[in-house]
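Contents: one structure, followed by commentary.
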Amino acid sequence: MLSLQIFANGLVLGGLYACIAAGFSLVWGVLNIINILHGSFIVLGGYLAYYAYAKLGIHPFLSILIAAPLFFALGYALQRALINRMIAAPVLLTLSLTFGLDLMLSNGMLFAFTADFKKLTLDPPLGVLSLSGIVLPVDRLFAMLLALGLTGLLYLVLSRSRIGRAIVAVRMDREAAALMGVNVKRIYAVTFGVGALMAGASGPLLAMIFPISPLSGPAYLGKAFVICVLGGLGSVPGAMIGGLALGVVESFGGLWFGPEHAVTLSFTLLILMLLFRPTGLLGRAGYS
Amino acid sequence: MRSSALLAAALLALVALLPLSGDAYWLRLGTTMLMYGVLAMSWNFIGGMAGYPSFASAAFFGLGAYAGAVAQKFGVPMGLAWVCAGGAALAFAALLGLALLRLRGHYFAIASLVVAEVLRELVNSATDLTGGGMGLNLPVPHDATVASQAQFFFYSMLGLAAITFTAMLLTTHSKLGFGLRCIQQNEAAADMLGVNTTLYKVAAFMLSGAFAGAAGALYASWVHYIEPPDVFDVLYSIKAIVMVLLGGAGSVFGPLFGAAIFLSLEELVWRNYLQVHTGVLGLMIVLLVLFLPKGVFARAVPRTRKKP
Amino acid sequence: MSALLELKGVTRRFGGLAAVSGVDVTVGRGELIGLIGPNGAGKTTLVNVITGVHPATSGTVRFDGEDITAFKPFQVARRGIARTFQIVQPFPEMTVTENVAAAAVFAGAVRYGSEANAEALQHLRFVGLAEMADKRAASLTLAMRKRLEFAKGLAMRPKLLLLDEVNAGLNATEVDHALSLIRAIAARGITILIIEHLMKVVLSLCTRIVVLHHGDLIASDTPQRIVKDTRVIQAYLGRRYADAESAGANG
């Protein structure tokens, strides 16, 4: 059945999307900062995996393990050094700041890697899986499972570990958390680092499936926006639901309107959600 | 108000003398600076006065560019096409404003940012009307020479900048401007005092849209060829904001000074660091936001006290 | 003479919780009503419903003969209801004069222009803030900001002034000053409804006291009778207060 195939495609895509958005949503929910760099981090992670595979034969799944600590460090340092100064500044300034940083990063990548799209093709290819009439490429399936696994890991960290709970506390009530002895500045840096980690780690997964170029950063960022609005801010389950929803919407939208309109469709959905249900599908309140 | 108007007139006279230099390069630079000035001033209505972080400038600019270009394609004379484009952007801003202006902070910023993307796609798809991805050519008048065209567009942009500045000056000293300032300071309190916040915000957004749209239409006629990614470029939104930040939001001359400073820097960077110029722009923005968020003149010049 | 403000069956729900439930209240011209009750009783919510910040879930609000239930805050302001905030809300970067002028202009009392400034100065003199006229509102002390709130309210030339905890955070001297100000305002013929915790203020000032408890209106009477009302004592005042009052009255 076509619908079921499209639905399955959507879910696979959605799993990846959830991973992309989880870190972004966390940073927005906890620091109240929209990290425009997020899309470029994803692309950078993708390039890392691409060159690791092309030059060193390192499998992209392994690249995730390399990317994770690197990006965490990058995010942590960036937040501590620059972004922390603007933490209570108006939206205009924080958004401009991360925009400016993103321009620098994406220009840097353009310079280093050129705008040509690069595709990480696994050799030998992993083939397809046929499940009662539904066809799923194995690489996508694995990527989705890993993405979900990563997202699930994030959820566990947030709910079980001390630092995770501190992050959630800061998200709920920064002052109360500070009164409880949480070092809010450090948590901000850690959270930003986690956000960067999630982006950098999803890069290799995406690189396996989609061609990458410094120009594709904004597209991923756009998806992260939509997912945050769909799923609510700062919540990993929300990112999961939003991601899956977006994946399914894009799949069916691609079928009905043509794949070139996927982005427009998701942005129109974003605007409609903002107008009629800004608290997200689950109705959780976010920062205004 | 008097001193501002006099200073403006003096500067206007000075700038108007530029074409006498006869240098095409300076003329082009001047025209671009004036266009940037219009963009900055148009953002100032919604971003500076009302305090809403709008990233919609690119959407209005692009809409105006295409509205003007398509009108000209259908034979509407250029000047009238520009007015129609401004009108189209005004109407669009009214509808968009009614929808978006009840959002605050980040949500408003993102929604306004995303509008440009949606418009770009729509224009891209409407190939019959707009030429889609292949772009749109604008008619060139037969009796034109390069030099006369350059002069003509310089003066047209100068005229638009003068009109925009006048509108901004009048608004600042009007009840609308007063109300917008109240909204920017504390919207809930303004509401309780009797300010019709929806009306005022939408009015500011409409002014913002109309002038940015007119600038787009002029731009399209000036460059004679436009395509969607060119005019719906999100950088126009960023630049408008950066220019006002540079010159100091909330001052009457701020946007214009910011535009002048920004263009000078941009041109310098373009000529010397072409490959990395967006990166350098990014660096400029970062430095500006971190170290000079109140603008270049923050300590030097006290804000002109606006008296009701 | 008809009542100035009439609330009939006003209910306001937030989700499943009724913050205010079936409130009937009438305020006559020239009255000085005290609105008291424990925290969370719904006092501020009631004021928010009257001023249109939260539309009533059910019931009607009539003001000066007009149904204003569905009015937005700015419309209510222009009809002649002014309101101060518990947590003061000035326009921080604007001068004190501009703050008051804004109130005068947008509530429809004066035209925009130099007239507004002159009007503003008058009200500033009345509340004793004239020397601060050109200072930024953000630079004022709390007591001064409260007086600024008064001035803004007055500048709106209201028929009804709603005061929400104007004395919170003020010391005894400042409270006395506020009291005399309120009496002076009442003497000008402005009807006042004051939300207040300090019983001494309410008892000395008000012509009538209305008591809210858990969103219900449990009593509406003169101060002398309110302090003896058993429901009010149970809900809010407490036995010892009531005994002390009656001992004072009898002794």
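Here are a few things to note about the model shown:
To keep things simple, chains are lettered A, B and C as they appear, and every chain counts its residues starting from 1.
Convention: a residue touches a chain if its C-beta (ideal position, glycine included) is under 8 Å from a C-beta of that chain, and two chains touch if they have at least 3 such contacts.
Values in this document were obtained by computation on a predicted structure and should not be read as measured data.
In a view that ignores chain A, the other chains are joined by touching into one piece. Put simply, the chain closest to the centre of the protein, by Cα centroids, is B. With B-C and A-B as the two chain pairs, more C-beta contacts join A-B.
The greatest centre-to-centre gap from chain C, using C-alpha centroids, is found for A.
For the pair chain A and chain C, the distance between mean C-alpha positions equals 50 Å.
Spacing of chain B relative to chain C, judged by their CA centroids, is 45 angstrom. Chain A and chain B have centres, each the mean of its CA atoms, that are 33 Å apart.
On the side of chain A, the complex with chain B involves touching residues 28, 32, 34, 82, 85-86, 89-93, 95-97, 99-108, 111, 222, 225, 229, 261, 263-264, 267-268, 270-271, 274-275, 278, 287-288.
Contacts from chain C toward chain B in the complex involve residues 51, 53, 72-74, 77-78, 83, 85, 89-94, 98, 101-103, 105-108, 112-114, 116-117, 152, 156. Chain B makes touch with chain C in their complex at residues 174-175, 178-179, 181-182, 185-186, 188-197, 307-308.
On the side of chain B, the complex with chain A involves touching residues 47, 53, 55, 99-100, 103-107, 109-111, 114-115, 117-118, 121-122, 125, 238, 241-242, 245, 275-279, 281-286, 288-290, 293.
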